[in-house]
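What follows is a pair of complexes built around chain A, which joins chain B in one and chain C in the other.
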Partner chain A sequence: MNSVRTVNEGVLTNRLWGKVWILLLLFIGVLFSALFSVCEGLGNSSISAILAAALHPSGSQLGTVLQEVRIPRALIGVIVGACLGLSGVLLQTMTRNRLADVGIFGLNAGASFAVVLGISLFGMTSVSALTWMGLLGSLAAGACVYLMAVSAPGRASPTTITLAGAALTMLLSSLTHALLVLDQPMLSQVLFWISGSLAGRSMHALLVTLPFLAAGALIAVGMVRALALMEFEDDVAEGLGQRVLWMRLAAGLAVILLAGGCVALAGPVGFLGLMTPHLGRWLVGSSMPWLLSYSACLGALVLVWADVAARTVLQPSELPIGVLTALIGAPFLIHVARRGGIRS
Partner chain B sequence: MLLAENIQVGYGSKIVIQELNLTIAPGQITTFIGANGCGKSTLLRTLARLLKPTAGTVLLDGRDIFKRSTREVAKQLALLPQTPYAPPEVTVRQLVRLGRYPHGRWLGGWSDRDEQAVQEALAAMKLTDLADQPVDTLSGGQRQRAWIAMTLAQETDLLLLDEPTTYLDLSHQLDILDILRELNRRHHKTIVMVLHDLNLAARYSDVMVAVHQGTVYTQGKPEKVMTPETIRAIFDVECVVIPDPVAGTPLCIPIATRNHEVGEDAGRTQEPAQARHALELAR
Partner chain C sequence: MKHGNPPSARTHIRPAYRWHRFTVVTAVLVLMMILLFIVSLSVGETFLDPLELTQTLFGSTTPYNQLMLNLRAPRILAALLAGCALGGAGAILQAIIRNPLASPDLLGISGGSSAAIVGLLLLFPNVSVHWHPPAALLGALVAAILIYGLAWRKGLSPTRLVLVGIAIGAMAAALTTFLLVASAPEVQSRAYVWLVGSVYGSDWPDVAAGLPWVLGFGLASWLFAQHIHILQFSDDVSAALGARLTPYRVIGFALCVGLTGGALALGGAIGFVGLLAPHIARMLVGTEFGKWFVTSALLGGIIVMVADTVGRTAFSPLDVPVGIFTSAVGAPFFIFLLLRGKRIEGRSGEHAAR
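And then the complex of A and B:
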């Protein structure tokens, strides 16, 4: 009743409506930010002109810019941000490791390796071809980690998964570096992808990855109840009727689909998957449906603004987006940590 | 209602339990005693369907427990593992609500029945006032009560607890054991647990099971199990057993481990003499 309220349960108290309102606000914030990202820097065109051009893009130069560049970019930012937020929660929960980032499955390393291979061996240049390579690379790496963990004794324990992921990441990164050293001219070509960016991503690339992302998100939503048990040890979860191994496999699959799709689309975006679950927990505690929806919104919000900053701060050159997610996110994370909201 | 038929259990190629037969008497408090590493936890986990025996079966209400789903079993049998861990933000209420997991549907939904079970479990463990506290900010005794409340919310007839009193001070050990006895007497729960304190085990159990080297050494009423011979066999400790002046149940007074007897120093001549003296006192 009059128990001391602590940061552990999230700053938004236990009252239902508080959480609903803030979630709604976050959602509106995401929409507004996406809109801002679309319109930003379009010179002196008025909002109404932009709207008209967006609705009837045929012909006008503004319409083409919106349709080919701005709208896909904002959309990809929202989707990648939300999916990284979701996969961060899934991953930290299933590995019981609050310091886990999506790189842990070897997904980023797998995607980078495949893209570098695509450019150097097959001379690929188009963004959609590289998106496919990234997707295949990350899925293959995820599957490898997964198989290694499952074939080890102990029901794919979180530690096995983490170790298998770390080992594969090391192996693939050194192979990638070897390829890059052997083929210096390629470096500049690859750099734009390997450092994470939303520049030049087409609607087509989004459509390629969307089924994977959607499948991952569906699994995540379907697991909402089971996820609440996954941070507890196996005996507790199994004793409460959870089929622990199956749930862990399902969660792993969702992470691979979500984060693999993201890295294929936008390259390795650092920090976001690590950070958003912590911000979410700070706001709403660890209650799963809330944490998932808050993390998704926060991820989208941070990524869209990071992208806006990435292309405006040092105009005309663009910064890697991972730098900006870290710049935007780190102060929040430090704040949360100092308030005692992060405990391992 | 719960019985193990000639089971053999192990981890990988290591066999821990062998040729073990055990029937858990319904409506009674059964306590496993035995040395560290003799297989008590392994046995409890096997009875709870967490480990599959390599031979033999575990029957729950006459049916093979491994032919039934985890969830179905979780509605009949609740398990409290040894010193379980709760993630940092989880509050007492959230923990207790997890007890409803096996009763729930796929995407959730929270029925009045669920809410009632949670409220009753909180009240029974005197945790209503602490319901919104994170579990990891509670004292050891409160934390253990929170975990027991979770198993109560499961609304099972059978309760399996692995060392529920370990790491608690004496008053909290008694507190937990009184609660368990109350659950047994008033709510007719069948309780199976592992305890390390032999004297408390003798005082609170209807049946004691002495586990030794992965099988049942002897079982029965505390008077039958708590004998110097059994204690010597399973713990390698010399002791005298006298009636507990408070409860009348057997009370074990240890004298020395037998290892000392074969030691090289003075203990060799001293301790048997001490033991004889103590025995005479006891008579």
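And then the complex of A and C:
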């Protein structure tokens, strides 16, 4: 298609200070949400007592709970949310497909299938092994979707790719279910990997996964300018001096690092990566540095609150967080579909 | 012949040839179905002599075989019925959406049924199986109404329908997981097997509960076939042919929902059958809807029956749920179709921006 892209404008596009202030506000919002997530449901301990216990976790019960459970959980929520927000922007930009999401494209399903495979067939238990499995899985699924996209005659439309992703997801999740049906005792142990949750993840898991996520995020930030050009058609981008193939490979690598790392850390969390770029674009338009930072902040914010809801709604049992993000995020898919403009 | 295009004029010019071909195809399929039914009755942990079995079917009682019949026959029949219903539902959906890639499961209709049944199992663990089909139907209906309503915007575009369907399917899956987590462990594992699509442990009451729904809606669809056939043309043409588009489409959708609900109550979420069967059927008999529907239903039944027999016997003592087989075959096939350049954009003018 050789249409001329008009610059996407958001509510705040022409207000520099507005963008700065709102971003600051979002950032503070993330901090407070994380703080709330840490403190929520700790009985009647005062904030100062919690802070004291957090700073000097010398054996007190509260300190242990904070250190072992609450703080890692809130941190993981923030980091996974931000990474998914970033990956959504990357994926939607590099595929020029407003429906792109690591969940919709089947990357999550690939990663969770690989992780379940690792647990059931190879008896893996260590976090780092599972992280690698998650990365491999999302890499394989991503490669499948990419091959589908390039091998379609002409160029596959966003809807075609979305459908291919949906089919891939169905296939992989039925294979995952197959492993589970054959190994029923494992079910409760890995139900987590099927629907995503922040429950019971340790600081250790975060530390193991962090390098992958950080690498992905760094690549994303490093190629901000190139990303802005990837919004154009390939020949235009080439004319502007981009090495399109390399850029696409780099962006793909970043997406896979982010998505695989997130699955290893929190299980498959769908639709967050679809939702936040749309929200961000509504606010700041498609100016890439802003969009990336807004999307990351929004992702963190949504995920932390989704997590708070996940553990309070059904007390004492806990809801998988993927359930909540799907319930919040799927309407965005409907919105995009209804608006008709699948491409921006 | 291009699939997915409106039925070619040839169908109308040479009906004799088509009818002849349809008769042959149907006869072969029915024969295959009976043979495969007997084969799958006889294979299993204990092999039963097919000849003896046939005699048992016709009255002469041998206690041993009788027992086997009570264990195996209902399961095979459940698979058969579920498959027929899914094949039929898929054909209806592909016809009214004019999209060879549509199927009840990809469009989220099955997802609604799944959520409803898991909800039923959770709320009333001891409810009689006779409540499963209505519950599945209700779930499918709610999902279908949501999909239809949300995709409606000055008309119905196939692209929008598909995307909204995927979204509703995802929400239904989330809801199902929600219910699953909220329920007791024994309900969990029961619902779980069911979610993958399995006819494991079906007995005569199950079959009896599902049978009227599948037969009723199947018959209704067949009677309504003529009208669905017209919907395959572009809107202008169908309107010119005197079809009242919206009512016909709504009725077609309702029939599809009924069949899907029946199938899900019988066999759980058996994936991709509603996609595979109509495709093969279209290659065999073309797109004249009456014939297409019947062939697709027969094929669906055969596919699920064979898949279940393989799942039951090939990995013995493991009993692999049938839905895993159909997905493992169906998903790659679907992707292949997608990549062969099937446009999912319909002819209603709406299309993805590229």
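Observations on the model:
Simple rule for what comes next: the second predicted complex is superposed on the first by the 261 of 344 C-alpha atoms of A that agree within 3 Å, B and C clash if a C-alpha of one lies under 4 Å from a C-alpha of the other, contacts with A are read in each partner's own complex, and residues count from 1 in each chain.
In this section, a contact is a pair of C-beta atoms (placed from the backbone, for glycine too) under 8 Å apart; a residue touches a chain by one contact, two chains touch by 3 or more.
Nothing here was measured: the structure is a model prediction, and the numbers come from that model.
When the two complexes are overlaid on their common chain A, residue A:Cys39 makes contact with neither chain B nor chain C. Looking at the shared chain after the overlay, A:Thr160 reaches chain C, while chain B stays out of its contact range. In the superposed pair of complexes, A:Leu171 makes contact with chain C only, with no contact to chain B.
In the superposed model, A:Ala309 makes contact with neither chain B nor chain C. In the superposition on chain A, contact is made by A:Ile104 with chain C only, not with chain B.
Judged by the touch definition given at the top, the superposed model places A:Leu117 against neither chain B nor chain C. Contact comparison for chain A: of chain B and chain C, C touches the greater number of residues.
In the superposition on chain A, the residues of chain A touched by chain B in one structure and by chain C in the other are 1, 96, 153, 343.
Of all residues in chain A, those touching chain B in their complex are 1, 3-6, 8-10, 14, 96, 153, 222, 224-225, 228-229, 231-236, 238-243, 281, 285-287, 289, 343. By the touch criterion given at the top, residues 101, 105-106, 150-151, 153, 157, 159-160, 162-164, 166-171, 173-175, 177-178, 181-182, 185, 188-189, 192-193, 195-198, 271-272, 318, 320-321, 323-324, 327-328, 331-332, 334-335, 338-341, 344-345, 350-354 of chain C touch chain A in their complex.
The residues of chain B lying in touch with chain A in their complex are 12, 45, 48-50, 69-75, 78-81, 84-91, 94, 98-99, 101-102, 104, 106-108, 128-134, 137, 154.
Considering their complex, residues 1, 96, 99, 103-104, 148, 151-160, 162-164, 166-168, 170-171, 174-175, 177-178, 180-182, 184, 187-188, 191, 194-195, 270-271, 314, 317-320, 322-324, 326-327, 330-331, 333-334, 336-338, 340-344 of chain A touch chain C.
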